[in-house]
Amino acid sequence: MTQLASYRLTTRTRTGTAAGLAALVLIAVGIVLPAFVSRSVIQDLFYILTMLTLAQLWNLLAGYGGLVSVGQQAFVGIGAYAMFAGVILAGWNPVFAILLGGVAALILAIPTAFFVFRLQGAYFAIGTWVIAEVTRLLVAQWKTLGGGTGTSLPREATGSILGVDAIRALFSVREAAARDILAYWLALVLVVAVTGGIYWLLRNRLGLALAAVRDNTEAAKSVGVDAGRLKWAVFLLASVATGLTGALIFLQTARISPDAAFALTDWTAYVVFIVVIGGIGTIEGPILGVIVFFILRSALADYGSWYLLSLGIIAIVVMLFAPRGLWGLISSRSGLHLFPVRRRLAGPKIEGGH
Amino acid sequence: MILVDTLVQGILLGGLYALFAAGLSLVFGIMRLVNLAHGDLIVFAAYLVLLGVSLLGLSPFVAALLAAPIMFVLGWLLQSAVLNRVLGKDILPPLLVTFGLSIAIQNGLLEAFSADSRRIPAGALEGASINLGIVTVGVMPLLTFASAIAVIVALNAIFYQTALGRAFRATSDDTVTAGLMGIEPKRIFAIATGLAMVVVTVAALYLGMRANFDPSVGPARLLYAFEAVIIGGLGSLWGTLAGGIIIGVAQTFGAAINPEWQILAGHIAFLLVLLVKPRGLFPRAVD
Amino acid sequence: MILKLENVSKSFGALKVADSVTFAVPRGEALGIIGPNGAGKSTLFNLITGNLLANAGRIEFLGRDVTRAPAMERVRMGVGRSFQIPQPFEGLTVFENLLTAAAFGRGGREAEMVEDCARILDETELLKKANVVAGTLSLLDRKRLELARALATDPQLLLLDEIAGGLTEGECKALVATIRSIHAKGTTIIWIEHVLHALNSVVERLLVLDFGRVIGLGAPDAIMASKEVREIYLGLEV
Amino acid sequence: MLLETRALTANYGQFRALFGVDVTVDAGECVAIIGANGAGKSTLMRSITGVLRNEPGMVLHRGESIGALSSAEVMKRGIAMVPEGRRLFPSLTVEENLLIGGQMRKAPGPWNLAAIYDLFPILRERRRNPGTALSGGQQQMVAIGRALMSNPELLLCDEISLGLAPVVIRDIYAALPKIREGGAAIVVVEQDIGKALAVADRVYCMMEGHVTLAAKAGDVTREAIHAAYFGEAA
Amino acid sequence: APAIAQGAKIKLGYVSPQTGPLAGFAESDAFNIQAFLASDAGKNFEVIVKDSQSNPNRAAEVAKELIVDSEIDLMLVGSTPENTNPVATTCEAEGVPVISTMAPWQPWFIGQQGNPGDPASWKPFNFAYHYFWGLEDIIATYTSMWKQLSTNGKVGGLFPNDADGNAWGDAKNGLKPGLEAAGFTLTDPGRYQNLSDDFTAQINAFKSGGVEIVTGVVIPPDFTTFWNQARQQGFKPKAVTVAKALLFPQSVETLGAAGNNLSSEVWWSASHPFKSSLTGQSSAELAAAFTAKTGRPWTQPIGFVHSLFEMAANVMGRVKDVGDAEAVAAAIAATDLPTIVGKVAWNGAGVPPFAAKNVTKTPLVGGQWRMKDGGGFDLVIVDNSNAPEIPAAGKMEALG
C-alpha cells in the first residue's frame, strides 16, 4: 500500500484564504475606525458587534451543538448583574468586573446544564426558558442591586473606567464618547475572539464530533465520541462568553433591571432571528443576519408597533421561503464558503471534490 | 383554615392553567409544534369574545360560542397556509415562525385595540362566591375548573375513541406513512390546530372574565401552559391537567410564604418534577 | 478470551430480549449469530457496545468488567460496530465519517489518521466517493460505510449486524472477501446475518438465539444439522 | 389496464433516479419487480403512490392520470402499499395499526380484522401491544395486514422479505396467494429472483433507473435475467 | 432671549411609551406637542419623539440615540419610573440636561442610585431634574382620606416588585413609617410579580390581619384580578385606595359597578386651578381641548405632558447658548414657573437635603371614582388637605 502515502487532508480553499485576508483587513480597519467616524456610528457598531457575538454563540449552541436554547438571556443577565455587583458592591473597575460576568455565567451554567441536559428537543428549549425565568425572579429579589427596580452604574465608576482617560486624550473626545470607544473596542475583541474561536473549534476534532452528534447521536457514541462531554463543553463555553457579552452590553448601557437584563426578546428572540435569517449552522449566517437585522431595525424603528409587526412577518416569510437563511440561499447558488471547514481527502482515485 | 384555602385556591388556579395548556398540549402532542404564539392567540380570542359582547351585546358565553368556529377556521388557515410549510424534524423553523406570529399578533392587537386593559364583563358572576364552610370559593374559578375538566374529557374521547384521534396519533408518528393510509397529514394538522383554537376560545373566555387583559399579556400565560404540558407528559391530556394543578398549587403555597415566591414556586415545582421525571409524569410509551 | 458474557439479561417492559446469555469469544475468532427476527440479536450487540445497559449479568472485555461502561469508552478499548440500519453522519463526507471514527475511536490527531482512513476506504471500495456527502449515498455504499467506519476505530472486536442483507450475489461475494481479509489480520469478529451461505463461509462457530436465550453454540455444520435449530429457525420441512 | 406508468421519471433533488420507466399491471395479476440495490425499485413505488410527485400523464390508474395526486388520494383509489422498512405507527397498538389502514377507504372485500388475524394468528395475541414492540417479522405482518385492510385493488409490497428469517419469509410468501384470491393485484419488489419468479405472473427487471427486462415469469431464462440484472452477459 | 432669536431650532428629545402597557400615559403626546409647536415659543423648537415601547431597555437605547444621533439640547421624559429612570440615567451619564416628571420622586431619585439600600452612597445628579410629588404626600393624602371614614386603621398593602412597588413598600423610605405615624398599621405580605394570576395569599393575609383598608401601587390588570378574587373569597374592605391602577377611566370602567367608590391619588384634573404658561389655557380648557380633538375623556397625564413643554420653553428661553449643557442645567435649577400642574421651582421645599438639588414637588390631592347615572365614572376630588388651593368636590365614602 505504499502508493497511499500520497493521500493528504486539506481544508484550504481559495475563497477561504481570500476571506481570511479580508477579515484581517476588516479587523484592522475596525481598530482604527474611532478616529474617523462619529460617535453614533461607533454605537451602532457596538450594538452590531455585541448582537453578532450573541448570535455566533447561539449558533454554536443550536446550529452546531443541536442545543436549541431559548434561555440565553439568563447568561446575559447574570453576567451583567455580576459586573454591576463587582462595581457597586466590591468597587472593582468596570473593565475587570466584566470578567466577573463570565465567572458568574459559568457558575450558573453548571447546574443549568445538569438539569437541561436531561431534556430533549422542545423540552430542552422550554427548560432553558424556565431556568432563565427563575434566575430573573431570583435576581429581582436581590434588593441591594435594586430588586425588580434595577440600578445604575454610579457616576464615579463610569467616570473612572480603565483606559477612558487615555482614549479621551488620544481622540480628544468627551468622556461619554471615550467610554463608547472603549466599549466598542472590547466588543470588537470579543466578537473576533468568539468568531475566531468557533472557527478554530470547527476545524479541530471538536468540529467533527459536533457534526457527528448532530447527525446521529447513537452512532457518534459508537465511534467513541463522548456526546455528553461535548454538549457540556459547548454549553459552558457559550455560557461564559454570553455572560461576558452581557456584562459588556450593560457596561455601555450603565443601567440595569431584571426585565432588561433577562429580556427574552432582546437577548434571545432577536438573536435567534439574526441566526435563522442569516443561515443557521454556518459562521457566515449570523454575520449576514446581523447586517440584515440592523438595516431593518434602523429602517423601521420609528414606526412604533408597525415595526414589530413587520419584523414578525418578515421572520415568518424568511422561514417560509428561505428556511436555510439568506446565506444558505447564497452558498447553495454559488457554492461559496468564506469559512471552509470541510476536510477533503486529496490523492489518486478520488472523484473531484465537488 | 388558611392551609386548606390555599390548597383549594391553588387547585382552582390550576384549572385555569390547564385550560391555557390544553390546546397547546394537543398541538404539541400531535405535531411537536412549539407554538410560541399560543398565549397571544388566547388574547386574540379574548378580544374576539369581547367584540361579541360589546358590539353585539351578547352574553360572554354566547359570544364565545360564536367566536369558537371563527377561531377554528383561523386555526385551520394558519396551519394550512403557514405552519404546515415549516413543520419538520427541526423544531427551529416553527419556533421562529410562531415567535414572529407572536410579535405580529401582539402588535396587530395593539394597533387595533390600543394598550388599554380590557375585560369581558360577566356581570354578577364576577364577584359571586359559594361558602363551603371551610373555604369560600368563587363561582368563576369553579366554572373555570369544571370547563377544564370538560375540555380534557372531550379531547381525550376524540383522541382515543375516534378514527380521527387514531389519525391524529398516526400522523404524529409518521406523516409519510400516514399518507399511504389515505390520511392527508396537512389536513389532520389543520383540523388539530382548528380544534386547539376552539379550546383557546374557551381559555380566552375565562382569561377575559377573570382578569384584565391587554395585547401584551400572552407570553406570561404561555410559559405556565408549557410547564403544565411538559409536567404532564407529551400527549397526555390528563397529565396536562395534573401539570396545571401542580403549578397552581405551588404558586399559591409559594405566595403564602411570600408573594415574591409565588411565580418562582411554580417554576421550581416544574423543575423538580422534571428532575425526577424528565419526560413528565405520564409520558407516552414512545416519543 | 477477548469477550465474556455471564448471565446477561435485558427486558423491555415485559418482553425479555436477553435471558441469561452466557458465552465467551476467544481472541481472533469469527463468531456468527443467527436466530429468528426479534430473537434479540441486535439487542445483544447493543449490550456489548454499551448502546444499551444490561439489567443484570456481567460483560467482560479484554479481562475488564465493562458492564456499566459507556459506549464511547468501549469503543476506545477496541469494540467496533456496524448498525443493522446504516447510521452514517449524513452531513459529513465519507472521508469525514471515517476521520471522526478514527480520531475519537482511537484518540489521536486527525492528521495522523489520514492515510489509515484512505487505506480503509480503498479496502471497502469507497475511495472514489471519499469526498461525497454521506447523506447522498446509495444503500450499498451506506453499508460499506458502516463497515469502513467501524474499521476506522481500529477495533480488536468487530461487531457486524446484517451487512449482507439486501446485497446482490456479486456484492455479497466482494463483502465476504473484505471481511475475510479483516479477519485474517487478527481482528475478532461477531457477525449477525440471515444470509447463511455468506456467514458460513467466514465464521468458525455459530451461536443461535431464540427469545433472548442461547439455544445453540458450536461449529456451523453441527448447528445447522441440529434438530432444534432446524425447527425454530429454518422451519421443519427445510 | 389497472395501472400504467408512461416514461416515468423521478428525481431526488438534482439526482435522477428513474429514466422513462414503462410498467403495466392488469387487474388481479401479480407482477414482480427485481433489481439490485439502488436500481430504483422503491423510487418507482414511491412515484406510483404519490410520495414522490410527478408530472401528469406519467402514472395512470384505469386510464386516468394520478401523477399529481397526493399519496392519500392515490390510496383512496385503491392502491395500498407495504412500505420498505415496515414503518408501523409506534403510538398505535397492533390492532389500531391495522384499523387505520382501512379507515380512509371503505371498499367491500374479504379483508377485515378477523381475516387478518386468521392470516397471521400471532398478531391476534399481540393486538394490544404497541406495533413497534414486535419483532421484525411480526411487524412485517402488521404492515401487510394494514395495507390489506382497505381491500385494495392493487397491493404494492416493497421488499417484504428483507431482513427476515427464512421461516418467516415462507409464512409471508404463503400469504400472497390468499391475498390474490381476495381479488387484489400485487406488485412485489424483491431482490431474491427465485422467490419473485415463484409468485409472479410477469416480471420486470430494473437497473440504474431503467427497465432492462419485461417478461412472463415462465418464459425468462437465467441468462436473460442475469444480463438484465447486472447489465452484462452471464 | 438671545438664543431663541438665532433661527436654528432648539432640539428637544422626548422619550415616551407610545406602545405597550404604559401607552395610556402617552395618549396625549401628539395633542400636546402639536399645541406646543403651534404656540409662539414653540416655533423655535423641534421635538424629536422616540417610542420606548414601555421597555426600560429600549428607553435607554432611544435616549442614547437622541443624544448621539440627533444631538438634542434638552431631554424631556415622563410616564412612570420604568420610563423616566433609564432616560434620566443615560442623560446624566452623557452629560445632557433632562427634565423629568410623572414618577414619585423616591423611585426616581433613590431608584437611580447604585445601591438603593445604602443612603450613605446616594449622590445628587448634575443634569437630571425632576418635578412631581413624593410618598410623603401620598401618605398625607391617603391617611387624610381614610380618616374621613370610621375604620380600625388596619391597612393592607399591595406592592409589586417593580420600581414603584419597591419604593412604596420599602420599610424605611416607603409608606410604612408614615402610615404608622398617622396611626395606621400596615400589613405587607411582600412583593409580588406583576401580571400575577392569583392574590389568594394577599387576601388571606389581609383577612387574618383584620384589614379594612387596601392600598398599594398596582398595574391595572393586577388590580382587577385582585378585586374580583377579594369579592369571590369574601374579603370586603371599607376603602380601597391604590395608585396607578385607577388612573385611567377605562381601567375603572372595566370593573363595572365594582368600580364605584374606589379611590386614588389625583395629581392633575380638569378642575385644578392652574393655567398654562404656554397657551394661557386653564386646566378645564386644556382638558376640553383634548376631548374635542380626540373624542376621549381627559386623563391625569395630559396636564403633566403639557407642563413638560412649558418647562422646555421657559428654560431654553433663559439660556444664552442652548448647546451648553451646564448652562441649560443651571437654567433648569433656577426655574420658577407657574405651570398647568402648579408651580415648579427647585427650591428644596419639602424635600430632604440629599434630593433637594434635583427634586421639586407639585401638589397632590385624593379622589374617588363615582359611577354616573348614565354609565361611566367621574373622578371626584374628596380630599385636599395637602393642597387646599385645589377645590374638593365631595366627601370620601366607604365601599358598599
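We just call them A, B, C, D and E in the order they show up, numbering each chain from 1.
We take it that contacts are C-beta pairs under 8 Å (C-beta built on N, C-alpha and C of every residue); 3 or more make two chains touch, one makes a residue touch a chain.
Everything quoted here is computed from the prediction, not taken from an experiment.
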Reaching chain E from chain D through chains that touch each other, fewest steps: 2
Intersection of the contact lists for chain C and chain E: A
Where chain B and chain C are represented by their mean Cα positions, the distance between them in whole Å: 48
Between chain A and chain D, centroid-to-centroid distance (C-alpha), Å: 51
Distance from chain E to chain A - Cα centre to Cα centre, in angstrom: 39
Centroid distance [mean C-alpha coordinates] between chain B and chain A, Å: 33
Where chain C touches two or more other chains at once, by residue number: none
Residues of chain A whose C-beta touches two or more other chains: 137, 141, 305, 308
Chain pairs in mutual contact under the definition given at the outset: A-B, A-C, A-E, B-D, B-E, C-D
Complex contacts: residues of chain A adjacent to chain B: 62, 68, 70, 115, 118-123, 125-127, 129-131, 133-134, 137-138, 141, 264, 269, 272-273, 276, 280, 305-306, 308-309, 311-316, 319-320, 323
For the chain D and chain C complex, residues of the former touching the latter: 15, 36-38, 85, 133-138, 159, 162-168, 170, 191, 229-230
Complex contacts: residues of chain B adjacent to chain D: 163, 166-167, 169-170, 172-174, 176-184, 235, 284-286
List of chain A residues in touch with chain E within their complex: 38-40, 43, 87-89, 137, 140-141, 143-158, 174-176, 253-255, 257, 259-260, 263, 266, 302, 304-305, 308
Parts of chain B lying in touch with chain A, wherever the complex brings them together: 28, 32, 34, 82, 85-86, 91-93, 95-97, 99-108, 110-111, 219, 223, 226-227, 230, 260, 263-264, 267-268, 270-271, 274-275, 278-279, 287
